[in-house]
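The next block holds one structure in the form of structure tokens; read it before the comments.
A, B, C and D label the chains in the order they appear, each numbered from 1.
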Amino acid sequence: MSNRIDLKFQELNKLNEKALITFITAGDPNIKTSYKIIEKMIAEGIDILEIGIPFSDPLAEGPSIEKANYRALNSGTTTDDVFKMVEKLRIIYDIPILLMLYVNLIYKYGVEKFIRKCVEAGIDGLIIPDLPIEEVEEIKLYARCNGIYIINLVAPTTKNDRLINIVKKSEGFIYCVSSLGVTGERKNITTDLADYFYRLKSLTDIPLALGFGLSNKKQINGLKGNWNGYIVGSAIVNIIAQYGIESPEYVGSFIKSLKD
Amino acid sequence: MMNKKFGEFGGQYVPETLMEALIEIENAFNKYIDDPLFKKELEKLYENVANRPSKLYFASEMTKDLGGAKIYLKREDLNYTGSHKINNVLGQMLLAKKMGKKRIICETGAGQHGVATATVAALFKMECQVFMGKEDIQRQALNVFRMELLGAKVTSVDSGTGTLKDAVSEAFRQWTREVDDTYYLMGSIVGPHPYPVMVREFQKIIGEEVKEQILLIEGKMPEAIVACVGGGSNAIGIFHNFIKDVNVKLFGIEAAGSGVDTDFHAATISKGSTGIFHGMKSKFLQDKYGKIMPVYSMSAGLDYPGIGPEHAYLSEIGRAQYIPVTDKEAVEAFEYLSQMEGIIPAIESAHAIYYAMNLAKQMDKDQIIVVNLSGRGDKDVNQVAKYKGVKINEQ
Amino acid sequence: MMNKKFGEFGGQYVPETLMEALIEIENAFNKYIDDPLFKKELEKLYENVANRPSKLYFASEMTKDLGGAKIYLKREDLNYTGSHKINNVLGQMLLAKKMGKKRIICETGAGQHGVATATVAALFKMECQVFMGKEDIQRQALNVFRMELLGAKVTSVDSGTGTLKDAVSEAFRQWTREVDDTYYLMGSIVGPHPYPVMVREFQKIIGEEVKEQILLIEGKMPEAIVACVGGGSNAIGIFHNFIKDVNVKLFGIEAAGSGVDTDFHAATISKGSTGIFHGMKSKFLQDKYGKIMPVYSMSAGLDYPGIGPEHAYLSEIGRAQYIPVTDKEAVEAFEYLSQMEGIIPAIESAHAIYYAMNLAKQMDKDQIIVVNLSGRGDKDVNQVAKYKGVKINEQ
Amino acid sequence: MSNRIDLKFQELNKLNEKALITFITAGDPNIKTSYKIIEKMIAEGIDILEIGIPFSDPLAEGPSIEKANYRALNSGTTTDDVFKMVEKLRIIYDIPILLMLYVNLIYKYGVEKFIRKCVEAGIDGLIIPDLPIEEVEEIKLYARCNGIYIINLVAPTTKNDRLINIVKKSEGFIYCVSSLGVTGERKNITTDLADYFYRLKSLTDIPLALGFGLSNKKQINGLKGNWNGYIVGSAIVNIIAQYGIESPEYVGSFIKSLKD
């Protein structure tokens, strides 16, 4: 059984293309609109979909995504609602789908039950921002034998010792955090991305996707390093914050602008 | 090397960006905690800055009035800045200094930890930023100016419920932005490893003093120790040195707010379940999906939806018992102690006093209870007045 | 038998109705002051209730910053209830108890003496009534509720200027009504004999500790001692044990309010003249007919038109110097000490700090100044904020 | 040179009458009115006049006289104004006149100068409520050789030891404070006046005048003890508080009611 994520990167690799990975918080402003936004994004050609499950205290997020979480919770969105939406998407779409969520949502749901639900819904991987490799085993135990990837993150602060260790245990791709700090758009990324990229590349062949602070085509084109993919989140969430239930169109145009 | 877990509780559930910082702190902590020079410096700070040792006070009037066990109060309220918080701040600040840090961030609820941190930061010439919930800033405006006077920058946190838990989250967020030169000085035995261990080590002086003092005064061990539990630092501070003494009963008192059967309480162990939040696996008040619940206690220092992992463990293995006490009961104890002994306790500590009042009556006259009087109540007088419907208008 | 006068100052200028009460107190005082049992009891109270001895703290950062004499702070702010006032209250309350009194009255300005008295009264199970100027009640509403919490009755005084001097007058009036069973617990070294002597005897522990501590730490005597002067109790407390040591310079710092050349100050020695008021001959701010003048200082504890007779005497004979410091200068020192040492001083004590800051610069590095840090500044944060135009709104 | 006070008591003694001693604060509501009130009182037959010099902090006074002091100060009345008024009275009246004042007013004025002024104005005695015999000598030194009496006070609390001492040093009359507390009208005087009177009478032949709390003829008639005089203050001051510059008439009628 091979994972859709691996297939996608193999495919892109052949075409010498980079993955466009986009993030929204499910249920922002409501689950129906989220579904429409996702359809639009897929229509515009995103490669991998990252869906956030809203949490009361999203402590790795900047103000944009933080507020998206509150909007989603206010619209009553639960973990089960997100699973239902993914099930519905899977009837039509075969795109790799990742859930982005805080570890407590899994833990409290019950790790085993959560992973089973992921399998049933057709989830390919999990991004858990508050689960460093030191603590990952408890969940990986269930994920691994069910073919669900846990996407590891690395940060500019990660030192070589741990980097080697993280990279060794990675699957799917590595989420490379571009900058110190939380999620959110950034005018300048001050990290030495060339060095960061080569340090990582020298350790692994797993695809490397860069995230945090990416917001437009021009910026992305100007980034140093031959990354395998780019993750765009806050820029999309900001559009949703502005246009609410009208946002699918606007998000669509934005994705288009990234692809051009 | 300290263990990262207490049974299943504890751990390091934080964003990757912070992991190296935690490791750096852990290494420094392991290096210095047994270093005789560091110990000596810390001892001096305890003495010269915190005003340690704190008295073990025999509450003769209270004992007489209740007619049961002898009650002793460990007077952490007499520490400089007015609570036990300074013990931990001195330890961590000294460590941060050794690590070459120039900047300190911290969270605060009622402002006690913020004031203690701002105080020691001033003395250590460290830059200091305090995160405080918007609600708490309004409730404790005076403490805000106290911190500013001491040269600290106070940042209002209006995300979430605008209270302590959000201040912690925001401090974490800020830390990821400037993890290189900044030290996050956590105020209780919560958060990711090594904080729960570290804060305990810097607070255990309380229990060490108590044991020495009670043996000197009474020539025997106490039958019970009672402390309030927010994050749990004052409780672990007084418990730690007695954990092996299995005949000494340990009681942690949680904030029951309007009652544990209402939606307005912060009784984490009584009503919570195991979860992972703020970097640790522990007990939390949460819904079935793992969403952290809004909590309530009139005591800002106990108004937190989690508890330190070591307490979750002590509860699980039955070594300590955790008991809820309501706002109403705490106010009763607040007034009782004020009038009985002339001691106005922090409203946090009043929770522990209330339980001790009941416990004493069920015990014999030759038995002993030690209550951790974790802080002084000046800060709470305004709120208790309001609770009782008295209007205070300072001009 | 203690002398009733200090040179020409002192005496017992009170209505006949009070004379026997003063004599009764004097006799009791003379009987107990050298009684080893009484001394032992008082020592225990100093230790267990007041939290004595208070630290002698080397202000290393301040010393470094000023570049002159070494500055030590006598940390009376760490006493229970937050100032030196408790020393005197414990002594007099113990005496009142020995005398069989059941009821205590006292005056208070900022509320420090009132809180200390209410505290010890609660512990001693004495009925307690506190007189406080109407103006001061409004300025220090929080302290009012603190006293009430402790079980004291606070009576608003709206005669005269509604401040400390009127609270003293009203306490005297009340005392004449119920002189049989009531003890007037005076808060400073003012009033008729035996109060000035008695309060000094109960405060002299400060200077006794300082001498022992400085000799232990430095192996030599300080060159100068600095203390603020309202009535003068904290100053005499630290001066007394050094008066015979003529090489130790003594400085009492008065409140110059808006400046001694304005109408808004309380600089009794600098600008006052000899008169008779509140039972004593001393220095007062008064007009040419002997009418007592309204005085002003932002510090409620120094806002009094007189001074203890012993200070009038020490000034007259040149043994101590009295120097005025303005509101503005005190606020500067308040902020300086907060940020330099992490210590928020009482605004009263900040007057002394300011003078020490200047004095230190004129002295050599091997010389020593001891400043009496008579109280903690939490109570003043609000007012300093207002002085600086910062709005604090507690909700 | 014999003092008008002695002469007055000798005269009353012969007639077997009691002295009516009345008090007002000079300058309440202003010095002119005070003069008129005094004239009225003399006309109605008072025996001894007690004039208070206003003080900022009259700590032996109850609310009535305390407020009278503030009113008098507010009208700008100084010690010199009072001397002037007495000088004016002396042109016409030979009644014994006492000044009631707080010691600081004398001390700050200068004891010697003050006594000289008393002599010049024709003052017969001083009542100084905050000057117990323990402290009296400094002022008595000057008063004595100028024929000015200092009227001692005794209180129900005064014990025999001191009573003997006070009585021995008294001149003119003894001001016997009726009750604990400050000045002011009282419904009931709870002191055992009979005992008080005989305790005093057994020690001295000097006239004994009772004061504090006396307010009407009926009350005074009902008092135990064969006192040589009665001092009425607050009751008069209360009338002045009520009627201000209209008060001379009302005070006059009140005095009349006491004499009937």
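As a working rule, a contact is a pair of C-beta atoms (placed from the backbone, for glycine too) under 8 Å apart; a residue touches a chain by one contact, two chains touch by 3 or more.
Being a predicted model, the structure only gives us computed values, none of them experimental.
Asks: Where the centres are mean C-alpha positions, what is the separation of chain A from chain D, in Å?
Replies: One centre to the other, that is 96 Å.
Asks: Hey, how far is the Cα centre of chain A from the one of chain B, in Å?
Replies: Between these chains, centre-to-centre, one finds 37 Å.
Asks: If you average the CA atoms of chain A and of chain C, how far apart do the two points sit, in angstrom?
Replies: One centre to the other, that is 66 Å.
Asks: Please categorise the chain-chain contact pattern as a line, ring, star, complete graph or other.
Replies: Topology of the interface graph: linear, an open chain of contacts.
Asks: If we use the touch criterion from the header, which chain pairs count as touching?
Replies: By the stated definition, chains touch in these pairs: A-B, B-C, C-D.
Asks: What residues on chain A touch chain B, complex-wise?
Replies: So the residues of chain A touching chain B come out as 55-57, 59-63, 66, 70, 73, 78-80, 102-109, 129-132, 134-135, 152-159, 162, 166, 177, 180-182.
Asks: Which positions of chain B touch chain A when the two form their complex?
Replies: On the chain B side, the touching residues are 11-21, 23, 159-160, 165-166, 169, 172-173, 176-180, 273-279, 281, 284, 286, 288-292.
Asks: Once bound in the complex, which stretches of chain C touch chain B?
Replies: 47-49, 51, 55, 57-58, 61, 75, 78, 80, 82, 118-123, 125, 138-142, 144-146, 149-151, 334-335, 338-344, 378, 381-382, 384-385, 390, 392-395
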